[in-house]
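For clarity, chains are labelled A, B, C and D in written order, and residue numbers in each chain start from 1.
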Amino acid sequence: MSNQSVSGRPPSGLHYFLHKSRKALKTPMPYLAFIGIGIWLLSYFLLNEYWRVSPFYKVPGPVEVVTEWLNKDPIWGTSLFTQDYYINIWVSCRRIFIAFAIATGLGVPLGLFMGWSKKFKDYTFPILETLRPIPILAWVPLAIVMFAGFETPIIYLATLASFFVTALNTMLGVESIDESYFRAAGCLGSKKHHVFLNVVVPGALPFIFTGLQISIGVAWFSLVAAEMISGDFGLGYMIMDSFMVNKYTTMVMAMLTLGFVGWITSAMVRAAGNRMMQWRERALGQGGV
Amino acid sequence: MAQSSKNKKDGKLKSLFTDLTLRRGVFSIVIFLVLWEVGFRFHDWFGIMVPFIGKIDAPSLVAARWSEVVFKPGYWESWYLSFGRVFFGFMVAQLVGIPVGLLMAVNKYFRGMFFPPFEILRPIPPLAWVPASIIFWPTTELSIMFVTFLGAFYTIVINVLGGARSIDVQYLRAAQSMGATQWDLFRKIILPGTLPSIFIGAAVGMGITWEVVLAAEMISGGGQQSGGGLGFFIWSSYMGGVMDQVIVGMISIGLAGYISSSLIRYVGYISMPWKRMF
Amino acid sequence: MNQPDVMILDNVSKAFGEDWERETVVEKLSLTVKRNQLTAIVGPSGCGKSTIVNLLAGFELPDEGTITLDGKPVTGPSKNSLVVFQETALMPWLTTYQNVVFGPELRGDMPKNELKAAADKIIETVGLREFRDKYPLQLSGGMQRRAELARALINQPVVMIMDEPFRGLDAMTRQLMQEFYLRLCEQESRTNVFVTSELEEAIILADSIVVLSNKPASVREVLQIDLPRPRNLDMLSSPEAYEYKRQAMEILHEEAMKSFSGTGTNSDFLEAYSRMG
Amino acid sequence: MSATAAAVTGNGASGKGAISIRNVTKIYDPGGADVLALDDCSLEIASGEVCMIVGPSGCGKTTLLNAIAGFHSITEGQIDLDGEMLCGPGKELATQGADRVVVFQNGALFPWKTLAENVAYGPIVQGIMNKAEARDKAEALLAEAGLGGVADKYPGEVSSGMARRAEIVRALINDPKVLLLDEPYRAMDALTKSIMHESLLEVYDRTKVTIFFITHDLEEAIFLGDRVVVMTTRPARTKKIVDVKIDRPRDYRLLSSEEFRILVQETKEAVHEEAVKAFEAGERELA
């Protein structure tokens, strides 16, 4: 598109990055972001640790949290240098991974078939729709009764949450595929399984990944709740536990860690999506569809 | 003549078809309930325990319990309390979230300053805030409402911001060339143009609000002090070992969520007449 | 106020993009728009026509050169140069009537009852009386375009800029719209700039046709169209019209070819052309 | 018999792809209200003919195409291809097959496959070629159509004109008896269109495949066709059939020639009349 009146060559790699950053530094945006975060931290600090305004001083202040976090010999027993910090992260991540894998493994095929076959949808969708409005947390007692131990109920809850989202989005994804692709596949001589593999699956991918993005979010949401209510180990448990024994600094640490880890996982899902949908990436890069 | 008879035949086929979808749905739900009932009774009848389902009280028991519970004022009080919390948290989130979202959309300095901290805090699930807000707020009631507010707030801001920024620039240009001032643009283009996104955000936010209220009630109200609400209803039934009542609570809260999102859809429907096609 | 040249573009240039891929879209473009005439601007799609529209309407300012409207430089959007957009820009949340009165109501430059009468009259003119209280989504494509015309007309702009207004309509609705627009233009004389990529549309509507070169856009040729008025669509199949069409077509094809000279075969030309579009 | 033989050898010569449409009627039933889309429509298309169907939008021409392709059933009548029944009494819906390939209005190249993968798709799923063979053939055909340089691009990365030509290549690789085109150039501007036309004519001159082309643009129809069939507005019937006796190969200069002008003038009236009817019906429907 832009192969005319080009002056000079497009820079690449590091040069491109440097150019972009130089350009960005000319706009007020990075400074504003800096100021915004600064204001937020400063007011937190002032209200909390400097002036000690009520009720702000009741929660631990930024300096306190950061020093504890980086402390080799933490006052409340948990920091970047202690083992149980990582155990909690690991346990939560493992649960998320299992739940997300099960939910995707069940939800995507179910959604694909619901979107593809009207008959199948007629039979399964009503059950899904009846169960869906029930908040995931309402399942907690049932999950405890149905499954023994700590681990299974927690994973079950996280799975349930992301399963609904994934299945529904996948179904919508299949339904969103333009009829003409099915027709084109038909008149090129496809059998049913060709249509499924070459039209239904790739066509639904954008929706599936939108669904997975949301799904990993709700998985974390439910996991934290479940861990808070009935868990041992995990970041949600860490929050609840340190709250119970008045280790408020550890609690804030756990909250921030949770935010960070959650952000990483959803970035991973996004990256996976972009990799699997090259055709979309490249078309967008062209300013095309 | 031939035409009209064909007419009738096709019309019938059509209604049969729509009925088919309905009938299949009803059929599968009935099957679902029957399987559940049989699964629970299996142990009594044949002496074999069905895993998972066997432990969950059968629909008949649930129905019986429900018909009892509806006459207890405590049940309806739970409804009332939960609705109150949801409504309050949701309303505050709307009142704060919509202006913040709009301000971020129209003023790039405001956006540049406040969007980054907003994005840093957003990945923390609202429930993780429960203990912190219990410490912070003087009463449990306030802390539940705060967490509820937080749950809906992020969704609303993101939707309003996205909605306002995706308004077609042609509307702005058309209005500008007809002499619109900045204030006119905001009032006559950005506000109505964002309305659909506001309602989408509200519907999603409402769902999250219910989740959060329920969890907060189970975590905080379930323990000591205040309490009440459908979450507490479920939790205390569970603690008391009344499993059928737990399921009554679950269904009730599903219903409550459904009712509130229908309400939002209805308000959206009447306030956006241009979205009604024909 | 009454000089014949309403709008004058003098050596206008405009470029977009990052330094290393900065692309000149309009280059040294000079043209004049005559009062009470319909000036059509024709060029292949993607040649920079939309940028020209944005410049005329004041949505963008030129990098170089000047644009004047009635002797005053264009510094931003104003009601004196209104655009009827390519894809409809009727506010979806307003009814036809509300859309039409949008501009005057904003400016408050017309008494209420006068405005109402004027709006109703203009809605009647474009044949939308029955659709006065419908929302844009409830109108057909052709009706939407007419409603948008009405919205522009009521503001009595000095110049009305039509940015491929009938694009996307099917060929037949399009013809009907062209007929309608012809009648409208011939009833009251207005100054019009009509941007299009369809030659026939330009020939039947315009007093003069400005044929653009490929990107970067500049004026290649100005054709005076001397078909008698009132016109009708049948004139398109007259020998004169065919002669105009042949001339313009010749230039456009040559223009397209020229930018790919050296590529040789027909297929290569096709490829290069398609990539450009 | 000879028709099938030709299809197997795939030499693209005439003698295959004759369509016979006899008394076809189609009644749609959206929401219980019957809509008569096709009313007793008959048409014979010779093999190797370029048959252009012109009519206002929504008039039911696409219904006819869908019936031939096997996307929709017909209510009455019969459609034959080379003497074999596609659909008719006892078989309301034609079987979809690669002997009748459609090029769609908005383009239906799979956006998730590159142009070469798109073109290779047909032979692979039909089991005619293995992946490598199909790929080679696809690249050769794309190169022949001037698309060699973009064979590995996704449809979203190329212009609509290129995508549409790749779609025609995707159809031709199957050596179809009939090419069905459903207003493929609708959204393009006049100049791009005229270039697409020349490209399609070039393809036709090479393959002599039967073309069934739906459009509402009369000039397009006359420029491309051997025969132009003007349809009435809904329900669609054949209103007028015009033979276009202009020599091939044709190029864009034809558009401003005298014989072309006269043909347009002769046909215009019929088309315009139907357009006005359709337009008024549309306005009435909305009111």
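Keep in mind that, in the parts below, contacts are C-beta pairs under 8 Å (C-beta built on N, C-alpha and C of every residue); 3 or more make two chains touch, one makes a residue touch a chain.
Keep in mind that this is a model prediction, so the values were computed, not measured.
Chemist: Along the shortest chain of touching chains, how many steps lie between chain A and chain D?
Modeler: Between chain A and chain D, the shortest chain-hopping route counts 1.
Chemist: What chain pair has the highest count of contacting C-beta pairs?
Modeler: A-B
Chemist: Can you compute the centre-to-centre distance for chain B and chain C, using the mean CA position of each chain? Integer Å is fine.
Modeler: About 48 Å, centre to centre.
Chemist: Per the centroid of Cα atoms for each chain, what is the distance between chain C and chain D, given in Å?
Modeler: 33
Chemist: Touching at least two other chains at once: which residues of chain C meet that condition?
Modeler: 138, 275-276
Chemist: Provide the list of chain D residues touching at least two other chains, using ranges where the numbers run on.
Modeler: 158
Chemist: How about chain A: which of its residues touch chain D in the complex?
Modeler: 178, 180-181, 183-191, 194, 198-199, 202-203, 205, 277-280, 282-286, 288-289
Chemist: For chain D, which residues are in contact with chain C within the complex?
Modeler: Of all residues in chain D, those touching chain C are 56-57, 145-147, 149-150, 158-162, 165, 186-192, 195, 198-199, 202, 216-218, 252, 255-256, 258, 261, 264-265, 268, 271-272, 275-276, 278-279, 282-283, 286-287.
Chemist: Tell me, which parts of chain B touch chain C in their complex?
Modeler: Listed in rising order, the residues of chain B that touch chain C are 168, 170-171, 173-180, 184, 188-189, 192-193, 195, 272-275, 277-278.
Chemist: Considering the complex alone, what residue numbers of chain B touch chain A?
Modeler: Touch residues, chain B against chain A: 20-21, 24-29, 32, 52, 55-56, 108-109, 112-117, 120-132, 134-138, 210-211, 214-215, 218-219, 231, 234-235, 237-238, 243, 246-247, 249-251, 253-255, 257-258, 261.
Chemist: Within their complex, state which residues of chain D touch chain A.
Modeler: On the chain D side, the touching residues are 69-71, 96-98, 100-102, 104-106, 108-114, 121-122, 125-126, 153-158, 170, 174.
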